[in-house]
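Report on the structure given below.
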Amino acid sequence: MQQTADTILDVKGLRTVFRIRSGEVTAVNSIDLTVAAGETLALVGESGSGKSVTSLSVMRLLTRNIGAIAAGSIHLKRKNGAVSNLVSLAEHEMRAIRGNDVGMVFQEPMSSLNPVYTIGDQISEPIRIHRWADRKTAMDAAVALLDSVGIPDARRRAGQYPHELSGGMRQRATIAMALACDPTLLIADEPTTALDVTIQAQILALLQKLQRERGMAMLFVTHNLGVVAEIAHRVVVMYAGRIVETGPVAEVFRNPRHPYTIGLMASMPKLGDASRMKQAGERLAAIPGVVPSLMNMPAGCAFQPRCKFAIDACRLALPPLAEVNPCHQSRCIRWQEIR
Amino acid sequence: MLARNPARSPGPIVRSLHRFLLNRTGLLGLCMIALMIAAILSYPLWWSFKPNDIDLIAMNAQPGPTHWFGTDGVGRDILARVLDGGRISLLVALTSTVISAIIGFLIGAVSALAGRFADAVTMRFVDLVMTLPPVIFLLVLASIAGTGIWPTVFVISLLSWPLLARMVRSRLLELRERDFVMAARGMGAGLPHLLFRHGLPNSIDILVVFATLQIANAILLEAGLSFLGLGIAPPAASWGNMLNAARSTAVLEQYPWQWLFPGGFLVLAVLAINFIGDGLRDAFDPRAELN
Amino acid sequence: ATLSGGFDVGPGGFQGNFNPLAATGGFTWLSVYFEPLVTYDEKLEKVVGQLASSYEVSPDQLTYTFTLADAKWHDGKPFTAKDAKFTIELAKNAKTGSVLAARLNAVSSVEAKDDKTLVIKLSAPSASLMDTLTKVMMLPEHALSQIPADQLAKNTWWSTAPIGTGPFKFSKYVTDQYVELVANTDYRGGKPALEKIINRYFANPAAAIAALRAGEIQFTYVDSNDLKAFNDNKDFRVIEGNSFVVNYLGFNHDSPIWKDVRVRQAVMYAINRDAIIQSLYGGAAKPANCAYVADQVVPKGIETYAYDPEKAKQLLKEAGWDEINGNKPITLLTYYTTPLAANVMAAVQAMLAQVGINVTPRAVDTPTYNSIVLNPTPDVAQFQMVYAGLQNGPDPGSINVGLNEKQIPPAGPNVARVRMPVLTAALDAALAETDAAKRDGRYQDVCRVMNKELPWGPLWVAKRYGVAASKLKDFVWTPAPGGGPYQAHPEKWAIAE
Amino acid sequence: MNDPLLSVRDLGKHYASRGTRLTILQAISFDIGKGEVVGLVGESGSGKTTIGRSVLRLVEPSAGRVRFDGTELTTLSSSEMRRLRPRMQYIFQDPFASLSPRMTIGEILTEGLKIQGLGTARERLERARRALEQVDLPPEAVNRYAHEFSGGQRQRIGIARALTLAPEFIVADEPVSALDVSIQAQVINLLRDLQQRLGLTMLFISHDLAVVEYICDRVIVLYLGRIMEIAPSAELYARPLHPYTRALLSAIPSPDPDAPRDRQILKGDIPSPANPPSGCVFRTRCPNALPACGETVPELREIQPGHFKACIRDDLN
Amino acid sequence: MLRYSLRRLLIGVGMLLALSVLIFAMLRLTPGDPIDAYIDPNIPMSSSDLAELRATLGLDQPLPVQYLGWLRQALTGNLGYSIKRPDQPVLGLVLSRVGPTVLLMGSAIVIAIVAGIATGVVSAVRRNSITDLSLSVFAVTGISSPPFLSALVGLYLFSVYFNWMPSGGMLTPGQEFSVTDLLHHLILPATLLAVAQTALIMRYMRASMLEVLNQDYVRTARAKGVFEFWVITKHALRNALLPVITLIGSTIGLAIGGAIFIESVFNWPGMGLLMVDAVEGRDYPVIMGSTLVIGACVIVVNLLTDLAYAVVDPRIKVG
């Protein structure tokens, strides 16, 4: 996709490595992403495929002595219109961006809230830091935020501790916290995975509403294809640290061009379908095997050991991202044959 | 995930050993303690002075070529006494640590796993023991037990377990709710199984920390007992009663080698044991290989 | 000027008990504000008058007449014979917690003839009466007569407002920290030179020495092995004195292993006392060959038991030691827990081991020791030998309780269970001797018997030390057993600016 | 289904917590026939795990009876219970917490046999290897530790552990919800194969209605410790009767980009068991609630043969 | 909270009762009684006096009678009179020591907490660095040095050698009370007393901090743009403190043990010193009294740590 005027985030060739005892592993390799204002980009993939590492790299929140960005650029359009390359910013400049230009929501609402401070305290913290607001103004702003994420009786809730809230409310609170300074980009790392379906529906609706109202860009990480279909405009499918397929959601889901995406779609039990399958004695179409370990990557295409379409050529070289159509790409040399 | 490892992998004990050997400070500690024990056991072969031979002419001699560590107030060779005292101190410290670890673990574990009533009774008892001032406890136990190595071990063991019992209890209360313990119960596990198959391995880190602290503590308690005229009967040397010599201002000030050497050995031993403890904790934790 | 000192660390002193009736030590301090009728002279050789200006003894040794000095209590009231009578009666009454009651048993009556004359009548002659009277500090009847005898010890008067006749007045006591006395300007011996005396309490001798060297105090007791730091220091003056305590190895005569005198002699020959005295004590002790060391009571020509391990081995062989005990460990019990004592025990053990006597020293605290040795039926296995001390002066008679067969526990403190008719006879004879001139001879007899029969293995009499700052003037102090009392003239003590 | 293997009647569970009484389960009754797989669905905190564990007496129920193959479990002594345990096993949700990190897979798999005193060490190990094969893992895994396996593999180990004792009845507590989609499908297939091959009876707990449909014969819908609806699964998905079930089904996001997106979003959160709403506990979030819902606790009524619901609004059927 | 505290205190009273029985029994099992302690073996006394003294103290009666007698008095608030210092009622004696002990222990614990937490945090944040290593060597040395030795060495260094500090006592004798004087006397013993505790707290703090630094909410704080300093001091520290608070509470008893040596070397007029004296003198009433007071303190401190826990951690509700 072209870098347009309202591109908020533009990641190019991102490579992130981890230092482990036996050397270095590449957790995320040559990732290109762009997210425009008002747009939601979904990042899907199995556990360990590098979704969180990608989002943490954008925030530059990798623990310094363990992980680091090894290559690539991350351009962010900030609130004041300036575009900075986050990779080359100094730590103190980066700190001014976190929570201010970029907000982040994490997966586990319980563990990502500090248990010993009140919700209001934690939500008002970014306002105090980035806007130099005094305690009272910041608290009022926090209450307003809680209200806007749909928490009834916000003033009282602001004085409560995380453990006194239900899971859904906690996640709303972390969303309020991420939005406190009106960021241009919201990164949500599996914000609904820990929640019940009914609550998940609430949160998804809330995020959509907030995005519409604020016009921010959203990078939404999930492993649930249903959620992707629900919320995202475009999707990036990751496998073993690389992008394997990317394109508009409707296009990719209707017409997946990578065996992994196809497998993922097929292995989801579909509501209302099961009774038929059971009667027919059909099994769920599972992808065999497991995600390869970073320390032990197969040669060539990372997915080839599990791929039923794999041919010798797949083992020889890493397939390039092939263009299915201008906005749809697949990292499979047989993309044309598979359906 | 390491799921795709070669088919045959060595057994758990070999791997614990392997993990221990990977730990550099642990190895350092092991070397230190091994050297120390080797010296302690072999010194009669290479050192001509005996720990209890007095020499009133050479008393309070400074460290020098004949007496490397100097001599004490009756002319006994400090090096020989430090090494000989090491036998007793380490023996007392290790055995009493083991015994108090056993008592503390059993009481804490039973309290956590054997139901509410047992818990209430044992915990009140532990509280009671912990409110009792140690001097009195020490004095009474010691005067009942008398002097010598085994009474000393007995006294020190009895004095040291309550804190461990508490720590083990709180760990196991948490463990009790864990799924794999639930699974064991679901397969019909009784108290002994829970205690030894689950409670023990999962308290290893607590036990190791306790043990490393307790060894230092035991040596010091032994010194305290000698101070009260109990503990290791003189003239047998122990690091504790050698340190006691520093009570005399003359020794403290003018003959510092008489307490610096046993004190130094004590600190070295404790340091080494701490290192080993850290190594052991990792060795017993299969997850440690990951990073 | 203020004098601070650690007057209580040292021989038997213990602060906290301010009641002289119950005191077994600490007289150095108590006699700064209380005074007895009579006291020892500075050299602890003879008894002289203190509150009594003079005294007379009737020829039958049964009536003692004291003429009292013109003294005033600290509150201004005159000191009279009635006060003295009151005090002695209190001391005789065990209900008051008095530790002197038994020693005053012989007193049949105390009369105040007039204000300045006191007559004490005895039921039988007592050689130790005067020694006992030195410890009876005079107490004011007008302040204490209202208090019932059994409540007296519990009264707070002792630590808040005691009144004496001495050169200094009690000012305040800060619990466990110090006692402060101020000069008694009306003192009959003249106005004291110092304004205040502070007695500081040190739980640990090392701390006292630290305070002395830091200049916070000007005087304290000092162990002989701590002297080194002071000996060549011109800021300090080391005061040396006789401890009057004989250290000995007490054989438990209830134990069969000591029956043979040759075994006991072997113990004596096996120990190199000279070496121990020279090295461990740094020469600060005198060897003892009986319970005494004072010249006048030690006869010439007694056996000196010079170090002779060969002879010891020989004697043991003759006695058949291998059958008697052989190599079995023998517990050597002691209540001395000082580093010096630990060294002595180590040396003794090593020396005895050389001749084949295997002793295991065991140092316990005083109550444990007492409960073991004073037990009427002691466990011989726990207690076969003791390393102990016994006060043998200034009155040589004090040795009697430790050796007389009649004093075997529970009757008395003859902890070694010495049952030697000759010795008992000698002691009885000495105590019954009312003729002062002949008394020394009697004690010499005791010494001879002890030297020959070895009821104990006498070792030595150590010296005691105190260190005073050099700027302290006219300071009289001597390391008397129990701290005295003796004529110290605190009113003359002064500090040079 | 005239002779159910497991029959639960009026099961109740409450906890006393700082003076307040938490009613976690109330009047739970259901049967499971031999060889049947019954699904238990409901939101987090609705008491699914508590039912699963109470049935096996891993937590002590506060009220009610549980009959297993003709034996009343709630009154058994602990040693009698222990003897019965091999016949009923539990599979845990969290594949990370349910395997002891300090035991090798071999130790984990032989633990039950050892506890029950079955076989020699060699036989037990053989059985462990067989169990590993049953769940498609290499038998060499016995010497490794749990952390060396992926989530899906661990869950297989958890299943293998339950199988070593050859149980007739298994409570599977959300066995797939911690797994990735691709792995989830593997494990569901495995569970279904095993169930059919071994004729296992199963109580399958899940919060994912799609998964439940795939594996279960009948489904129980739970809300705040009360049963809302019971129905054969084909029936339930085709014609959900209870408003709660409908809401649950509607909340599941579909990956089909063409699926209609007019979902019905429930308001608010599940209430706290400390002060449950009066009457029907669901009424506070129910789009169809009437004032009458607050008055009486609706009983579980059989609307159609085998299809029960606890809702007074028959007009919604 | 109030009700909870009251209930805990009530249990505490029961514990004290049990404690008194235990001590009473234990004391009578130790060799030697107050009279044995009273006798200087160098200056023996005749035994008839001793029997009489024993009788006046009631030591000749059967144990249960003695205990009940003591209890009856104790319940009326009268803990009897010291045997060694007969003019001092035990209650007054003990209470007069509570202040100094609390002062000494309190300052030591404050020092230990502040220093232990600070060093623990530093070594967790800079884990595996030289700082971390040297701090853990310091900790081991601190834990393994005998309290009497460090007290004596400290005394020698600072009072005699440098002459910076007074050699002991709580106040300069003969001077008016002043706070500076008190602090001057306090600082050395309090610091020395704190060494071992500091080391212990440091080790636990380090472990706990390492754990907390890996928590999600620390990452969240960083994602909000919080300054690293505040991430550590505000977000991580308070959570890391929780296990350490329990540790501090349960080592109070042990700290009293260490205080005994310091008090006797520095002649600090506290409970430790009183207790050592009483034990040496077999002063039963004082031992009973001071043990009960220490026991009561330990119970109260444990209650306070539990309450502190609830204050620091809002998840914990007491009551």
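Just a few scattered comments:
Per-chain numbering from 1; labels A, B, C, D and E assigned in written order.
In this section, a residue touches a chain if its C-beta (ideal position, glycine included) is under 8 Å from a C-beta of that chain, and two chains touch if they have at least 3 such contacts.
Bear in mind the structure is a predicted one, so any value in this text is a computation, not a measurement.
Looking at the partners of chain D and chain E together, the chains they share are A, B. Set side by side, A-E and B-E show the greater C-beta contact count at B-E. Computed centre separation for the pair chain C/chain D is 87 angstrom, with centres defined by C-alpha atoms. One inter-chain figure worth recording: chain B and chain C are separated by 45 Å, centre to centre, where each centre is the mean of the chain's CA atoms. Distance between chain C and chain E, defined via averaged C-alpha coordinates, is recorded as 37 Å.
Note: centroid distance chain A to chain B, computed from Cα atoms, is 51 Å. For chain B, the set of residues that touch two or more other chains comprises 1-3, 143, 227, 247, 249, 252-253. Of all residues in chain D, those that touch two or more other chains are 150, 153.
In chain E, the positions touching at least two other chains are 30-31, 152, 156, 276. Across the complex, chain E is touched by residues 124, 127-128, 130-137, 139-140, 143-144, 163, 166, 209, 213, 216-217, 219-220, 223-224, 227, 240, 243, 246-247, 249, 252-253, 259, 263, 266-267, 270-271, 274 of chain B. Interface residues of chain D facing chain A in the complex, by the touch rule stated above, are 43-44, 150-153, 180-186, 188-189, 192, 207-211, 213-215, 233-234, 237-238, 247-249, 251-259, 261, 263, 265-266, 269-270. Across the complex, chain A is touched by residues 215-217, 219-228, 235, 238-239, 312-315 of chain E. Within the complex formed with chain C, the chain B residues making contact are 52-54, 56-57, 59, 72-76, 143, 147, 227-230, 233-235, 244-245, 247-254.
Contacts from chain A toward chain D in the complex involve residues 46-47, 166-169, 195-202, 204-205, 223-230, 249-250, 253-254, 263-265, 267-272, 274-275, 277-278, 283-288, 290-291.
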